[in-house]
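Here is the structure we will look at, set down as structure tokens.
For reference, chains read A, B, C and D in written order, and residue numbers begin at 1 within each chain.
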Amino acid sequence: MLEELKEIVYRANLALVEYGLVKLTWGNVSGIDRSKGLVVIKPSGVAYDEMKAEHMVVVDLDGKVVEGNLKPSSDTPTHLVLYRHFEGVGGVVHTHSNWATSFAQAGRGIPALGTTHGDTFYGEVPCTRKLTEEEIRGAYEEETGNVIVETFMGKNPLDIPAVLVNQHGPFSWGKDPMDAVEHAVILEEVATMAFKTIMLSPGIGPMDQALLDKHFLRKHGANAYYGQK
Amino acid sequence: MLEELKEIVYRANLALVEYGLVKLTWGNVSGIDRSKGLVVIKPSGVAYDEMKAEHMVVVDLDGKVVEGNLKPSSDTPTHLVLYRHFEGVGGVVHTHSNWATSFAQAGRGIPALGTTHGDTFYGEVPCTRKLTEEEIRGAYEEETGNVIVETFMGKNPLDIPAVLVNQHGPFSWGKDPMDAVEHAVILEEVATMAFKTIMLSPGIGPMDQALLDKHFLRKHGANAYYGQK
Amino acid sequence: MLEELKEIVYRANLALVEYGLVKLTWGNVSGIDRSKGLVVIKPSGVAYDEMKAEHMVVVDLDGKVVEGNLKPSSDTPTHLVLYRHFEGVGGVVHTHSNWATSFAQAGRGIPALGTTHGDTFYGEVPCTRKLTEEEIRGAYEEETGNVIVETFMGKNPLDIPAVLVNQHGPFSWGKDPMDAVEHAVILEEVATMAFKTIMLSPGIGPMDQALLDKHFLRKHGANAYYGQK
Amino acid sequence: MLEELKEIVYRANLALVEYGLVKLTWGNVSGIDRSKGLVVIKPSGVAYDEMKAEHMVVVDLDGKVVEGNLKPSSDTPTHLVLYRHFEGVGGVVHTHSNWATSFAQAGRGIPALGTTHGDTFYGEVPCTRKLTEEEIRGAYEEETGNVIVETFMGKNPLDIPAVLVNQHGPFSWGKDPMDAVEHAVILEEVATMAFKTIMLSPGIGPMDQALLDKHFLRKHGANAYYGQK
């Protein structure tokens, strides 16, 4: 069942290791088959070098395991909230990548400070509010998804395909699992640049809006002219 | 004698190199056979690429060499103090890993600033007080162990399986040698994140207690639900 | 057509990856055949591991594609402005290398703080002014070249073979494509050293002029004595 | 002539690359045969991957080339001053390693902040005064050696086997070329730790003298007990 998507999700999980975004068993990638309403996700706490495509777990949008002998990632409920609320999202990634997590721990979003950021993120990558004690003690992983959705109220999640969960770390998403991984790579890169920029010029404001418009829109949307065709 | 434990300790020492936690001949890992009261530890000042499992030295809990032609690590007395006082510890690691050592040099513990920390360390990783001149000039390596034990008075060392020795560097421990190595890896990672977080938000306080409880307890203790079974 | 230059430009593009200066499909290198007035440049948005020498695109100095099935890099108009205005330049490189880009985002040039800098750059690597909204909304990539040329008014671009474009990132150049890549490598290295130096001594001024003269001129110009013959 | 020493010096030069201390053609190592009064040193500006043992150049203590078809490193006169004034030194290394050079650019020595430092350097690694314009315009490379010797007046260079040349970078030395390379590795490591420590605790003073004595003297001198026999 969903063998092709399992292979894609499996490879996307390995890509997190290759890009240096995860340590030990940390991190997870999922992908969705929108026509079937089923999500494929990494199993919980399995070592990357022992993982195989067939270990990927299939769950429905309510979190019920439909196929697979292993428990799905403990972050599965967060992924599912994002799939339920963010139309057009085909893949979700969660890491504790070093620089992005440092911003999350500081409770600060990653401001749009230059064109590297603006090529992918159309504005600041926001940091969520902290979860309440009630949310933490309740359906914690689901509430993590809810606070992300709350943070994107009135925003198009495809224009800013990542978020920092306060005191936790980043989630990113994209049209498919590899696209979400690429956004995780870029997020980590812009986080390190933002850190250094802030150290060099502590009071720096965001980049010029016209420049942000130019860079985001030359790669995205109807008038994009970057890349082939 | 203890050939299997020697192999385990040997591999755990090599893992320090693979994880980038040590340079040159720095660092050492030991493991204990609690039933025999014997400890296996890396020899002193031997190059990692010339080291073999049979070079591991066997000592009793008083530090007497029971087997092996090489001198045990000069830090052996510190390891032994930890085994004598910390029940349930099966492996001990000492490194001068870069970021954790920088906190030790600054005389600062590593605060619990996010869930990466809370997944493994149930609160701040403490920094010991400085040793007195008398302790330094006396049984220095043993006193180093003593000051660690003093630092954990009233705390469960398995809840916070690492420490920073002031002006020196980190020790970590775990249920076995590889577990102790994993804690050394995570310690270094949370040290770098804490550094960056503090640079971004100098006055930042520790993470919310409810979130720390949630993350530590979903991986540890009776109601853990992370990982497979 | 220009097969040898295509091979050189192709290899120089791959060198960006080997030196760790680019991620994903970022970055581009071009080279010029001055006798023919033709420029060879990387295609837009192609993955480095799928790129071949024959994918390189040939354009004339007005940007018209003379050979090649792929679209040239979207930064081509910037490269062309530099070739038109900077005599003696045979190769141009653009990256978003991490440290140099952080200075660009901070709107700060990289000051000449030591001999590592002075061996290659005869003074501060300048940061351009910000582009105006009109420039951004107009022929943006060409205006990016124009603001670089403006920044070098009265300076010899071969004495300081790199620039930071404000809120964007570095361009470098050299007598040929590999020379321009080497300058990109050195720029990134002096950017990281400058960052750390500024953190250690925030008010530090530029290095002594006599020392800068000595180092630049022992490697460059009529009386150079560094290297073989 | 001196084929064995050439091989040793050649391998020590390659070790600089393996340890990540040099970029491009930067850096150089030399070794001395005290009985013959001859020094073997890397040629100037040759790529590491094209270099062979037979390219090493033999010079006498006055800098006259005794054997070799290539020009010796432009830093040769600095090395020779060190061999003439520092008894017991058998190898000298010069790099522009990133962190140590940043301290040199900041005009700051690397303070002894912890036992990693104290195991090798018996006190602060000093930074020289700046050279005068006259020294720079005169026999510059020789004056660089002289200012190092001046910095060590009243100190034993074997107790602190490295120095930072102001606005330039580090030199290190040891009983033989590989020993000098190891000191360059450790210098770079303690430089990064010192930087981070200073960022965390800006007003931090040097480590306790008793702890420094303990660590340096357990590895060096008559009562050393670290390592094998």
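In this text, a contact is a pair of C-beta atoms (placed from the backbone, for glycine too) under 8 Å apart; a residue touches a chain by one contact, two chains touch by 3 or more.
Composition by chain, UniProt nomenclature: A, B, C, D = L-ribulose-5-phosphate 4-epimerase.
Just so it is clear, the structure is predicted and the values come from calculations on it, not from any experiment.
For the pair chain A and chain C, there is no chain touching both partners. Taking each chain's centre as the mean of its CA atoms, B is the chain most distant from chain C. The pairing of chain A with chain B is characterised as different-residue: of all residue numbers used at this interface, under half are used by both copies.
Fitting chain B to chain C on C-alpha positions gives a rotation angle of 180 degrees, to the nearest 5. For the pair chain A and chain D, the distance between mean C-alpha positions equals 46 Å.
Between chain B and chain D the centroid-to-centroid distance comes to 33 Å (mean Cα coordinates, whole Å). Shown for chain A are the residues in touch with two or more other chains, namely 199. Every pair of chains that touch is listed here: A-B, A-C, B-D, C-D.
Interface residues of chain B facing chain D in the complex, by the touch rule stated above, are 23-26, 43-46, 70-71, 74, 96, 98-99, 101-108, 130-131, 133, 136-137, 140, 167-169, 195, 198-199. Here chain A touches chain C in the complex through residues 113-116, 182, 185-186, 189, 192-194, 196-197, 199-201, 204, 207-208, 210-211, 214, 218, 225-229, going by the rule given at the top.
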